[in-house]
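In the two complexes below, chain A is the common chain; its partner is chain B in one and chain C in the other.
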Partner chain A sequence: MTHKTLNLHVPTLTRVEGEGAMHVTVEDGEVTDVKLEIYEPPRMFEAFLRGRGYAEPVDITARICGICPVAYQMSAAHAIESIAGVHPGGAIRELRRLLYCGEWIESHVLHMAFLHAPDFVGVDSGIEIAQLHPELMTEVLHLKKTGNRIMEVVGGRPIHPVNVRLGGFYRAPTRAELETLSPDLERAHAGALALLKWVATFDYPSIPNRLADNTEYVSLRHESEYPFNEGRMVSNLGLDLDVATFGEQIREYHVAHSTALHATLGGDNGTGRRYQTGPLARWMNSADLVPSSVRAVADELGVAEVETNPFRSILIRGLEVLWAIEEAQRIIATYRPPARPALEVPAVAGIGHGCTEAPRGTLYHRYEIDASGTITDAVIIPPTSQNQDAIETDLRDFVASHLDLDDHTLGHRCEQVIRNYDPCISCATHFLRFSIDRRD
Partner chain B sequence: MVTASRLVVIGVGNRDRGDDAVGPIVCDRLSELNLPGVETIVFEGSVLDLPIHWSASDRVVIVDAAEPAGEPGRISTVDALSTRLVAPGPLSTHTIDVSAAVELARALDRLPTELSIIGIEGAEFEFGAALTPAVQGAANQVTTIVGQRRSRDAERIIEL
Partner chain C sequence: MQHTSATPIAWPESIEHGQSPSLAVWKFASCDGCQLSLLDCEDELMAVAGRVAISYFPEATTAMVDGPYDVSLVEGSITTEHDAARILDIRRQSRLLVTIGACATAGGIQALRNGRDVDGFTSIVYAHPEYITTLATSTPIADHVRVDLELRGCPIDRGQLLQTLAALLNRHALRLPTTSVCIECKARQTSCVMVAHGTPCLGPVTQAGCGALCPSFHRGCYGCFGPMESPNVPALRTQLGLLGLAGVDIDRLLNTFNTTAFAELEQTQIDERAPS
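The block that comes next holds the complex of A and B.
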């Protein structure tokens, strides 16, 4: 028997939001080790929050991510408002949903067209796709701009919105201001359909014997809406918990090869259940709640109500973009400014939990506040943390079923496996280096 | 009647990061001058969609802070129509800079009539900091240059 060792490096993995490293060991045809290595020092946001005022996390946590600041603002607001028993409804609730629509559109479109699609087309960047499909990519840019415009009109600026506060907003936009978005949304709807139909022509790899097919797909589910801010945490395996109980069930644990904590449900590293969040989970748990117009497009493109192939997550993102556009149009069409832009949220001692659906999955916040309104403890568990085990499992299964590929191709495919999750590891990593150690 | 093409001035940068704010500040000053035919656009976030903010007949000036190289306030100008910018390679959300956006416009065949990139070398990029004096001076200078350019254009149209 020969023992061959190969080390293959991808020194700079691009087209993910952040940077990391990965190592795979193969011995005698068996994948014996997979590590998604996240090695940048923690950013200490949870520590920054301790000792700060209870109204500050909405602004502080938004700075964690330039791609999904609204998710951080919404999870923080819901967690802290729950302590005071304040639940903004009506127009404030609608504006929050509209703001989230903007974030989903711009984040999903960026990932689909510029980060993920190049894998399927066989090019290195969105610029190369632009050369091949200039008309489509012009519409993609318009879609991105539309998402940014929603963020700007509702949130005050397109990145790190400044108009969000506990209880609502500092200023509610007028109806006329929202209506300025309508022409852009109309064009964006056509653009989203074109993007979806193009994406549906891709050849999708698969992962035979994918262990993660048996994983638990977890997301918010609302009684009548595709989820953004509210609902219960549910899964395809029967999980059905309120947000607070769900939060208490998450167990974060540290692994030596990553400075980002991993997470399981209901137990520790050895006994907890592996789960994943994100578009596949949302679609699996709430596809019945999208409007018939979106369902019809899904049917036309052959997207089932249950999709477990992670490579097809790009299709679900496209459907979510379409849905977010239609939801934004609905909100704008029925909008009446609230009597007050925000409800008062008093300082109340207690513990609050918040879960909302960031583009790439469930974002959990927990705050403990004393009677003076000072934060005494804070926990933030982003979706990428929760998805790390699923990513490593997919990598293991993918490599095991594609050992016939040369190292270069296998390396690229492994990056694509990671990109299936649209990981937002920018908070915690530098770059992804891929190495494979083959011992035949 | 001859109509002057629109002059679009795009300021790129984060207003809260010291000298990185120089592009937006130049735009603010030009807006205050209220020059006819001049439109200013500020990009504080991603510049990916920059190519759809101009039309083929526009003349475009992009003002952005340049990284420190020992001479704060130094003004550099690049004609982006005649110069292919550094190939950005595979994009990530961290490398979508002005160069990538301009090359994207080139790939889409969406370049304007004129496209200049003015870089102003910065020194300090701390949160909450003001412009350093040298960069402040450069912002004034660029504002004057761009403003005068528009005035000259207007005179030319009147002569015609």
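The block that comes next holds the complex of A and C.
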């Protein structure tokens, strides 16, 4: 038997955050092994959170990710507030949603136009897209900036907002401050529509016989709103759990090739159910909750209520941007500042769980604190850990159905498969060593 | 009115010759937030992209040009042996090396591991600690190589980043403040949160640059820009104690995003004052 082994290196996994390598083994025309290796220098937040004060994770965990700090702030706040039984409502709740709208807009637009679209257009960067489509990109940049502006007005700055605390905010913005956002939001709405319509003209590859089509799509679902901070964890396969019970069911496991952890539900590696989170899951579980205006755009662009092709996730991101703009407009139009910017959150011994919807998927936090308010244990499971299995499965199926491509093209297309998930492995340089062994 | 330091910098000669300077953006242990600040300059992004040659910026572009580079922006701290070697190579390839943010200038929040049991830390986070290789410390870039300019903050201030790029492109001196956040509060006429509300604040010892953001939201500064030039940390500790903050809370406040920086300073100051 002859063994032909090809080692091919894609020098860098670009336009994602994180250092990774991918290894594919093909034997006799069959993909026998796929590993997405992630090398992030471990920063060990869960370890140094032990011994810190219960009010601190809101600021500390934001530093896990500069792209979605609000998600970290919200999951931390909700988890810790739940221990004291504090549930901010009214205007504080509205301001939190508004802040999250800003993050979704900024993060989604960054990913859509700068990180993901270049794959479909066949260029290296969003800056090149701007050279090809200057008018469109002017509006896209304005749209992205509007997301950042919302975070500035509500949170003080777009990266690691300073105004968020347990129980609410340090200072509630005035009506006048929020209203300064209105003209930008109006223009951004048109910009989001333009971006969506452009994105809808792309050719979407597909993955034949995609196993991950049958994984469980998990997200928050709220009774009446598209999900951000609250609701039950549901799936297309009938999962329906409160956040705490869901948290107890997640099992993380650690594989040799990665410093990121993988997650499954209700069992260990091998027995647990594979699942994925993110825009496809949210849309599948909550598309009925977007306003009819957003639904109409989805219909016009041919986006179904159930979409499973990960390459089409860019369309769902666009619809979520549109929704976030309308939600922000609604919040601003009806805003009355809260009587007090924050509720008191006393130190109470116990365990708290929080799940909120980061742009790229569900972000889970769990804290155990003692009666003095000192953290004794912390668990953080980011969306990319939860999506790791789906990404690897997609890579396997994609390679299996595209063995006719040369290694160079295949390597590039595999990066695109990874970017479908907007992975946020933010801790490293960005080397993807793509190696493929073809043995025949 | 603000005290500033004009940083003498030997800007790359390529600019003299009318060429676009080449720019590389590197990442070590970090959250990506500081390099994201560059993409967050929406209004200026295309203008910047037109005047520098973006030669290496994997978060933004797949295109890559080999070094040397005129300017390297470095985000993140050194936490692995591999990275300790990599920064040496980057220094060799860079005419000008600018560190961006608290991770790169002070070791970042991940420096909370320093002086602690890192093996124990690893086993808290990972089921198989044997798969993980990491150094016992998180150290700033300047502990490893010569750094030409440091931009502070967690994250850096977008305006300071743009000022730096503008100074580079126009070859003029760069003026970055070295005074405290207090001066910025006065400049924007924010009433002092410590005096008016008794809110603990690190403003008196923290380097200006953010525009006194936290106090403008009725929050005390938590020191994300790191220590100013010769701050009086022991005096502030006394003041924070008078405001009712317990010792453990003061320790936490000083030991978060720039932990190495404040901790080392306070120690030197205590040593200096101790009767010998």
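We adopt the following convention: the second predicted complex is superposed on the first by the 434 of 440 C-alpha atoms of A that agree within 3 Å, B and C clash if a C-alpha of one lies under 4 Å from a C-alpha of the other, contacts with A are read in each partner's own complex, and residues count from 1 in each chain.
Methods note: contacts are C-beta pairs under 8 Å (C-beta built on N, C-alpha and C of every residue); 3 or more make two chains touch, one makes a residue touch a chain.
Computed from a predicted structure; not experimentally measured.
Student: For the combined arrangement obtained by superposing on chain A, do chain B and chain C clash, or do they fit?
Tutor: Taken together on chain A, chain C would clash with chain B, as the superposition shows.
Student: Tell me which partner A:47 touches in the superposition: chain B (first), chain C (second), both or neither.
Tutor: second
Student: Looking only at contacts as defined up top, I'd like to know whether chain B or chain C touches more of chain A.
Tutor: Per-residue touch count on chain A favours C.
Student: For A:188, is the partner it touches chain B (first), chain C (second), both, or none of the two (neither)?
Tutor: neither
Student: Would you check which partner chain A:60 touches, where first means chain B only, second means chain C only, and both and neither mean what they say?
Tutor: second
Student: For A:163, using the defined touch cut-off, is the partner it touches chain B, chain C, both, or neither? Pick first, second, both or neither.
Tutor: In the superposition, A:163 contacts chain C only.
Student: Hey, which part of chain C ends up inside chain B in the overlay, 2-10, 74-82, 182-190 or 236-244?
Tutor: 2-10
Student: With the touch criterion stated at the top, can you tell me which chain A residues are shared between the chain B interface and the chain C interface?
Tutor: The overlap between the chain B and chain C interfaces on chain A comprises residues 14-17, 66-67, 106, 110, 114, 118, 124-128, 130, 137, 141-142, 144-145, 148, 157-160, 426.
Student: Mind listing the chain A positions that touch chain B in their complex?
Tutor: It comes out as residues 14-19, 66-67, 106, 110, 114-115, 118, 124-128, 130-131, 134, 137-138, 141-142, 144-145, 148, 157-160, 426.
Student: Chain A touches which residues of chain B in the complex?
Tutor: Chain B reaches chain A through residues 44-46, 48-49, 51-53, 88-96, 100, 103-104, 107-110.
Student: For a test of understanding, state which residues of chain C touch chain A in their complex under the given definition.
Tutor: 26-37, 39-40, 42-43, 45-46, 49, 54, 58-64, 79-80, 83, 86, 108-110, 112-113, 116, 118, 120-122, 124-128, 131-132, 134, 138, 154-155, 213-214, 216-219, 222, 224, 249, 252, 256-257
Student: Which of the residues in chain A come into contact with chain C in the complex?
Tutor: Result: residues 11-17, 40-48, 50, 52-53, 56, 59-60, 63-67, 69, 106, 110, 114, 118, 124-128, 130, 137, 141-142, 144-145, 148, 156-160, 162-163, 165, 169-171, 252-256, 258-259, 261, 426-430 of chain A touch chain C.
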